[in-house]
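All remarks here apply to the structure that follows.
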């Protein structure tokens, strides 16, 4: 058994460093950007100016549809359609790009709801105070509301990220040799799926635990200003 | 001077301000009194465009505005530039330090340099006795301290008028005194102020003019002397804090 | 087979057979029922043993894990004999002699198996095909199922695929206009794969019984009949 | 195409009704019970009585380990170990039972954190008021704190449930013929993975959307008492 | 009578109650006054065991309790049975209707029948003028109404003493008056009460006894007449609401 572990670990760790972690990180960052945009589209009420209002409402309808679609269908199917389905529409993507798109859009859909509810939980009073000081909507968002919302959204977002790390295993279905797929290939030779799966689980657990530590660190850093309220 | 004319504000079908006319003179302290729910906050917030009445006009120096028309960004900016609001619950920005709370708006909106903004902020903090709290976060301060900082934040914008909505009602009596003393100072320096308050002693000592609002109407508009020393029946009832029968209110 | 009740099956009276159920014409779903050559073969063997066949479809890794933990009595899933498997598991006598082929597009430049060297070739993870393609120097791209491999060739994502000839022929029946073709691999380069039922090491008795039953099925012509039904020819002989 | 859809749909729907939905519902209910117990073990401070205190702290250590373990390893591995790994320890479970155990324990781990944070968000004031009235800790929990916590936890719990519905597709790896596996078997013959995956996605989306409607209904029912505060 | 002797309460190394001795007589209204942070709430909560002092004793009729010893469930139950707390922010249970807020404890703790508990609750609601609000939820009521209901909730337990911690400081003046009138009534009916308040007018009108706390010490324990009409320098400063220099407090 130890022999198997020692020979497989380097391969699995290298797959992890090469695919699992970059996929998770890149997709999460892009997903977060998408999530913030989507959340803002759903959150900001358009001005009455018709040239802005109708396009904005159309955009919002798209955002609503996007969030509904990606939250109510399985991630595996999303990846499959992006990789194998889009070519019939003339869009052919490399596996890695397809995976990044799939994971980002999926993460974006879930995270946008997290961010939107965090935005909603910043009280109207903060907006009033900022408007009174003649901040524009954009300035209020950037300087006052988003920083507070990020603080609130951090724990659920960290959970999403940890979930994403584990979900990268689905990338194997679009031909990416990520860590879990590598463990399956090794299984095909040593016929020890249970052991190899446990080994994979162990590696995921290590990464997730490290990420949880990072989360606690970030929470402590960003909660500087709420410390007083813990007393 | 700020003048409101024929101002009507509705929430749903309910008229909260009923064709109001009122002036707020320059360099004076106007105190708005009235029972809970009478429309005091709505009136005050209309001045700062946080509330948009359905009709009526606002005249403010060289600016005049018709509430029933769309308001240009520029006009709204100019009006808010001349006014600053201090809220009942302070509404400091919890993610910014005390100093940043005061300097962010001058830097972002008035394009002051960081050095200038901080210099001014520190002078203001010194005036309210909080010079050493510049680097704390609002949540680390008491209510009275937070309210004083929110007054500094308002003053840092060099407004013509300061609007205050029950600035001390969330404070306990000793903290209240601290804040009221500072407002008294400002009043003495002829800062134009409009204050909604429930503290009659303070109203009496600081007001140049009293406006009494009930049910969206102005029932009194005159001097503190008239208000406190020659009250009408309704005002006398108000001053002695008559209770209502809630069961009747329910029906 | 009078001592049929002595079979060391997991559930007395039942032969529990593991398979994927996602590989036509070996096993697949049609009209709500599991069908395919291996399904019929499994039923025929069970009948010979006086047992009821119970098919348990699951994933490839789970088939291996299930063998280890004796979740199934036998796995009948296009598993080829090879030395490493023989070390870990038992096999009965083969029921198919399968030829792997290289599937490719006309004009792809691949004319023999030697041409796949350095090219992207699709094959299923954990299959013998995967190992063989690697052996010929291909850059193997994992494909989850047969259709996926074909799509990847069509979309130009890979140059070809390594798979069983029979699977390709079956697929071709449904895709008459395809420009995909197969290239045979001479036996000198790749010996025919012996496809056989595979067991946990402990199931010596059962594996022998199935060998005996299979031989009977050869004798009474069932094997040929089934092969013709699903493959159009008899591939159950060497 | 329509032919394929019409012939596959009944099979897929029947697999859904037979496995996907029962698995999701049973596992969610059990998971919720487990989650509440785990959350309470982590939440309630033991009395100083040593006979209670040390066993309780031991229980809490177990609860912490359980939550960490099931949150930081992939669900697939958990199912695999329960079904294929436990027999070597002499515990042989039917696939359905193994799936229910795996899904419940996974859901329980995630949901326990949701419930715990909901419990924490009920203010200390409510406890004080109840203690003053001589409620016991248990009475306070049952009559005052849990009802409020449930209201807070409902949206994230509904999301977990919707996630669980989609995760049931993993049951195929422990030999359960759930809907997604059926669609793959059909794919083997009709060579239309994209279409079949989309069909599966559609069915998941229908179920998830129905569940979302149910969630909104429950939220409205349980939020009766916060209505006034929306004004 | 409730007597506290030698009560010491620390938070960390800070002594919040410094060897306090004080009596709260039966059938009387004792008012606790003092600046913010002086320990008034801590003192009041010690009586109800919401706060556990490190040492000292509590004598309450036939019950006596040593804070430094573990308290049995029975003793804690008995003490809490004789007292009921009314909180500054009401702390009504938001998930229960007004009626349920009042009846749940009598039914659960005192094992009253539902019929009896509801009958009593309705009488109490009638007395505070809220008979028609029985089926509403707390969030649908104003602060003053909620505070009156929390008084009903306390009274429904038939406590010997009602403990009130700043019962009106979260209310605006008119709502405050409503609640104070009710407390005045209770006081006249010789309900034993201990009230922490910042409202000096109310203290003066309702108190049978005044306890003045500063910095964890009792600086005054006597009649309202002595307190208001013959104050020490410190009390006079307190009554006139002297401010502190926050910068010094910081150091």
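A, B, C, D and E label the chains in the order they appear, each numbered from 1.
Following the convention adopted for this analysis, a residue touches a chain if its C-beta (ideal position, glycine included) is under 8 Å from a C-beta of that chain, and two chains touch if they have at least 3 such contacts.
Model, not experiment: these values are computed from the prediction.
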Check your understanding: From chain C, how many touching-chain steps at minimum until you land on chain E?
Key -> 2
Review point. For chain D, which other chain has the most distant CA centre?
Key: B
Revision key, fill the gap. Of all chains, the one whose CA centroid lies most distant from that of chain A is E
**Study point:** Chain centre separation (chain A, chain B; CA means) in Å
**Key:** 44
Check your understanding: Cα centroid separation between chain B and chain D, in whole Å?
Key -> 51
**Study point:** Where chain B and chain C are represented by their mean Cα positions, the distance between them in whole Å
**Key:** 82
Check your understanding: Just how far, in Å, is the C-alpha centre of chain E from the one of chain B?
Key -> 34
Practice item. Hunt down the residues of chain D that sit against at least two other chains at once, touch-wise. Key: 80, 84-85, 193
Practice item. Any chance you could list the residues of chain C touching two or more other chains? Key: 61-62, 65, 68-69, 148, 151
**Study point:** Interchain contacts (touch definition) - all pairs
**Key:** A-B, A-C, A-D, B-E, C-D, D-E
**Study point:** Partner chain A, residues of chain C touching it in the complex
**Key:** 61-62, 64-65, 67-69, 84-85, 88-89, 122, 125-127, 130-131, 141-144, 148, 151-152, 155-157
Review point. Within the complex, which stretch of chain B touches chain A?
Key: 48-50, 70, 77, 80-81, 83-85, 87, 89, 91-96, 104-105, 108-109, 136-141, 153, 157
Study note, to complete from the structure: Seen from chain B, its contact residues with chain E in the complex are 35-36, 129-133, 142, 145, 169, 172-178, 181, 198, 241-247, 250
Review point. Residues of chain A touching chain B in their complex?
Key: 48, 125-126, 128-135, 139, 143-144, 147-148, 151, 224-229
Point to revise | chain D contact footprint on chain A (complex, rising order) | key: 68-69, 71-78, 80-81, 84-85, 88, 156, 162, 166, 169, 180, 193-194, 197-198, 200-202, 204-205, 208-209, 212
